[in-house]
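Below you'll find the structures, each written out as structure tokens.
Shared between the two complexes below is chain A, which pairs with chain B and chain C, respectively.
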Partner chain A sequence: MEQVIANGLYLGAQYALIALGLTLIFALMNVLNFAHGQMYVLGGFVVYQVYGLMKLPFVVALVAAAATLAVLGALLERFLFRTVIRRSEREESTMLLAAGIAYFLDAAILLMFGEKQRGVHKIVSGVFVWDNLILPWDRILVAGLAVLFIVAFILMMQYTKPGRAMRAMAQDRTAAQLMGVPVQFYGLVGFALGAMLAGLVGGLLVTITGVNSGIGGPISIKAFMMVMIGGAGVTGGAIAGGFILGMLESVGLTVLHAYGDLTYLAIFVAMMIFLAIRPNGLMGKPWG
Partner chain B sequence: MSRFPSIRAGLLGLASALALSLAAPADAANPVLKIGFVGVTSGPAAAWGTSNVRSMQTLAEWWNSQGGVKIGDKTYDIDVVTFDDQKDPKRAIAGMEKMAQEGIHYVVGPNVDDGAAAVRPVAEKAGIIYFPYAFPKELYAKPASNAVLGMVASYQSGPAIYKYLKEKKGVKTVAFVAANESDPLSQRDSGVAAAKALGLDVVADKDTYQNDTRDFTPVLTPIVKLKPDLLVLSGVAPANAPLLIRSARELGFTGLISTETAQDAKVLEEGAGDLANGFISVGGASTPEIRSKAMEEFIERYTKKFGEYNDESNTKVYALQYIVDTLKADPKAIDNVDEFKKTIDAFSAPNPYLKDSSASLHYVGDTSFGQKRQLAVPLVVNEYQDGKFKTLFVANVD
Partner chain C sequence: MLRMVPLPRFAGEETGACCFPPPCSEAKRGRGTTRRVVEGARRSALGYLGDEPMSRTQGAGRAAAVAVFLAAVFVAIPWAIASTGRTDLYYTLSSVALLAIASGGVWLTFYIGRINIGQGAWALAGGYASAVLVATYGWSFWLSLPAAGLICAFASVLVGLPILRLRGVYFSMVTLVLTEVARLTALALPITNGARGITSIPTPGPIRLFGLTIVPAFDSLAEPNRAFYFLSAAMMTLCFAGLWRLVHSRLGQLFAALRQNEDLASSMGVNVPLLRVVAYAISSFLGGVGGAIFVAIAQSIYPSSFTINDSVNFMLNCFLGGLGFVFGPMLGTLVLYFGWDLLFQTGPYQLLIYSGSMILLMLVLPNGILSLLNLRRRAP
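Let's look at the complex of A and B:
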């Protein structure tokens, strides 16, 4: 049982970090970023190049992944999303743009990094064993870093000027603008931050799960599931959604393993019933 | 008189040279023989199809650089036409239709069961012989006649591996885990049947995972607790193998781990490091001990062209070689697949990839399919050790 809980918490920490960037972009821009998974993949490949191939320190690689994705996010917001939002009142336009970017990134990543699964050597070796609990030290470190990043993100949103501005934008963009918040600038900052979080978690997890060019889509789907469970556009909701999904996977795979692949079937059925009862998720608001 | 005689003369000369240069290749260039590929070259299983495409492109480029291949009284340049089906049967059908529209009669792929089954009607209607890397027997047994299995099937390699491990390593209990997709599940079922037939105790045969799983610790936690002697990763994709091995070992699993699919040493090294040592898989069909100089040159050309080699290409190189050599044996088959089918039964040609000069290219499959619908390639079983595959044993099918 200890192992099941530990597995669930570990999965939850990484899932929460994946969902945070997605929910941030949705909250600020009302954009469903279908390319979130591809941004995760790109972050993973940057770390693979810098840490795995160029043999620079892991911290440098992680910073490179975060910076690359922040710049990419900012460019996408400035030259694509901002333009589309200005010219089109239909919300589907940004969704289609995001889907197009996802396909583009899929193809570009495949061309740049090839089709193979890539991985890097463990950043910390050894395994922590306690009674029935077995946890490799690198997973403990990654889970710890994920929690640290989540806490840092929450503190930044809560206590810094950009954080307060972005929260104001998420609550009411027009009111924030009337109060003097430069919404275009903070929209760009928020998009860059969301993309950076995707790159950061991709870079962090390449040390454990590796990365390949085809996993962007599935990562996005999981991120959307977490956001739907927790409530779109709410930081706490994304974190809760991540931990709930992680725990459901861990428990399901243990309890249902003898019956075939029922875990995700059960999760999807539970999610459909849950959304029928609570369509805005655990913490989402009816107005977005 | 022109004010610029030298310019006019120069222009006339240039025009003549241009006319000659345009006319010359039409006489000198070889006709092109198009050979198709429909399979997966993106996503987690991309390594399977990419090794096909790259093997075909390397071999075609090699032949073309030597002046082409002589079939009957004509010499052809080989042009490889590729289509990525993304492991989606609907796209595989579209790919096969594209091949039919281009007038292609010989297609390598698809790489997986549902894709290979989906393209069958198109291939049979359009007169295409295709070489899948998929194992459903109904594709190769009568009344089907257009598919030729390009490798050793899991139900042929599985029993050989389990028997070896039972006799040499004392394996008594075995657990299976497979992705929740048609190929891995059917390979798991045939593996379970083979293990039971050998008298092994199967302690887990229902555990599955989603193919896009990134962390396998929750999947493997209940299996590792059963402490089997052997953990079989049925039909595992190259991208998932290192993750499964790593999770199993980190959870304290000390038994043997094997699969009936081909893997990539570099991917295993990067993804699992030393934890992958001892992992047993089906390997490319030309190990260093048995390969010829031609195979070594192929590997060198492939590595030069694509930056790194894939061990599985030792097997994937064979399909194009078989197609061209069979056409050489019966040039009428170049646009008549019925001729190709007739030639298969008695076809035999020297195997350029093996040291043994008596080794031949020939079609097999009588035992498994009741007709010759499988390429004869050596069954090689490897053990991964420190970044490289070590040959455990080599056998023949049929």
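Let's look at the complex of A and C:
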């Protein structure tokens, strides 16, 4: 039982971080980032390259992954999303663009890193045993780092000037612009930050589960689910959604492990019933 | 806390009919000036047809375009294939036609203002429905085809009632999940035979009316793929004609009112929940029919026959062709499918070039290929 809860918390911390990036991009730009899972995979492969192959310290690899993704996110926003949003008649056109980018990243990652499952050495060895709870130390470290990033993100959003500006933008883009917030610049920053969060989680998890070029799509879908459970565009919702999904998976896989895929079917169906009752998720506001 | 930004409504309707394909909605970016929305909703609510009276030349032009289209699909293409001997193209073109039918369904949900990424679920459901009816219960394919569509329409009413309450991105994400639900359900149910799927489904039998054979049994033909091509093309023509008629009917006007502003339409006395379920059911019907014929051609179906990728592609077909045009999905499917096939020779770079050109196309023509027609019209 303790084991199930511990696993759920560990999963939840990772998931929450993934969902945060997705919800940030959505709140600022109104873009549903289909390529989020691919960004996660790319982060994983950067860490594999720097830490696994080049044998540099893990911290350096993680910074490299974050920087790569931040630059990629900024470039995507500046040269693709901004242009399409300006030219298109419908906001939904960005979905096609995002799907195109997801395919593009999938193909690029496959060409650069191949289709093999890649993993790296453990960052710390040993296992933490307490009563009948067994957790490897590296999982604890990774979960701790994820929580640290989440806290840092929240503090930044709450107490710094860019954070305030982005919150204002998420509330009302036009009003924020009228108050002198450079919305284009912060759109770029937000996109870079969202992509960076995806890369960070990828970089963290490659040390435990490894990474392969095909998992981008499924990760995106999980991220969508977390955002839906919590409510799109809400920080607290993304975190809550991440932990809820992590816990559901952990419990479901234990209770229903004899039936395999039934866990996910049950989660999906439960989520659809939940959304029928609360169409805006836990914390989302109704659509205007 | 971050808060969500509501998606701006995307249409101020312009009515007016001219060339083929008809511009059922030239969505303009303007964030729905209130007057225009009110006007559109009022007209829709009162059941006026928004179209200006068509001039004689426009009518003649449209009839000519339809004739050219029919001649191309039913005469020119089969003739060209027969004379070049590329009979493999029959299969490819049938696939395009069937995917276009399913994409047409997605287009209809776009038309009521919902982004539907779940058509794969209905294509899969329709495929399984037809396969089970034919292979297990020994139905005729011709009966199972409408049955599959109706089963999908019925199921989509049950699913649609709760999920159509969701708006914007929530709806799209939940439909995306729906595709995955369909796949997992197909894996779990006993009647669908799990991961092994249903194989060696018999081909469509003959249709006899008063002792006359109208359609011969497909396995008695020398070239069943040709028969499948005609079947798929005829179904596509039928479905898109129906879709065009629907969009230009009173119901279509009501659907447009839903897209512009559901609350406003509701305040005008439009039964919004009923209409959106109707639109979703029609959309799923098309998905089911497309899936059922696909299964008849492939003679097999697996849980992975229609996946999330297919669902996303159905949506992309609509985007690419242009959301403002009834025939957009048809063109989009053709271009995407053949684009993908042509790039097969580039080997490992296939997906890279394909997605790269998709991004480029998005940058150059963000409103779909058919939006070129608008440019031409505005230019003089």
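Odds and ends about this structure:
To be clear about the criterion, the second predicted complex is superposed on the first by the 282 of 288 C-alpha atoms of A that agree within 3 Å, B and C clash if a C-alpha of one lies under 4 Å from a C-alpha of the other, contacts with A are read in each partner's own complex, and residues count from 1 in each chain.
One rule holds for everything that comes next: a contact is a pair of C-beta atoms (placed from the backbone, for glycine too) under 8 Å apart; a residue touches a chain by one contact, two chains touch by 3 or more.
Bear in mind that the values here come from a model prediction, so they are computed numbers and not experimental data.
Of the two partner chains, both chain B and chain C are touched by A:Tyr264.
Of the two partner chains, chain C is the only one touched by A:Gly236; chain B is not.
Residue contacts after overlaying the shared chain place A:Gln117 against chain B, while chain C stays out of touching range. In the overlay built on the shared chain, the residue A:Ile208 is in contact with chain B alone; chain C does not reach it. Once the two complexes are laid over each other on the shared chain, residue contacts for A:Pro136 go to chain B alone; chain C is not touched. In the superposition on chain A, contact is made by A:Ser250 with chain B only, not with chain C.
Once chain A of one complex is fitted onto chain A of the other, the partner contacts of A:Arg90 are limited to chain C, with no touch recorded for chain B. Once the two complexes are laid over each other on the shared chain, residue contacts for A:Ile101 go to chain C alone; chain B is not touched. With both complexes placed on chain A, chain A has more residues touched by C than by the other of chain B and chain C. Within chain A, the residues touching chain B in one complex and chain C in the other are 106, 110, 259, 261, 264. On the side of chain B, the complex with chain A involves touching residues 41-44, 46-47, 50, 180, 204, 206-210, 212, 214-215, 217-219, 221-223, 238-240, 242-243, 250-252, 264, 266-267, 270-273. Across the interface of their complex, chain A is touched by residues 1-8, 10, 27-29, 110, 115, 159, 162-163, 165-170, 172-174, 176-178, 180-181, 184-185, 187-188, 308-309, 312, 315-316, 319-320, 323-324, 348-352, 354-356, 358-359, 362-363, 366-367, 371 of chain C.
Within the complex formed with chain B, the residues of chain A that make contact are 3-4, 7-8, 10-11, 14, 52, 106, 110, 114-122, 127, 129, 134, 136, 139, 205, 208-210, 212-215, 218-219, 249-250, 253-254, 257-261, 264.
Note for the complex: chain A touches chain C at residues 23-24, 26-28, 30, 32, 34, 80, 83-84, 87-93, 95-97, 99-104, 106-108, 110-111, 157, 166-167, 170-173, 217, 221, 224-225, 227-228, 231-236, 259, 261-262, 264-265, 268-269, 271-273, 275-276, 279-281, 284-285, 287-288.
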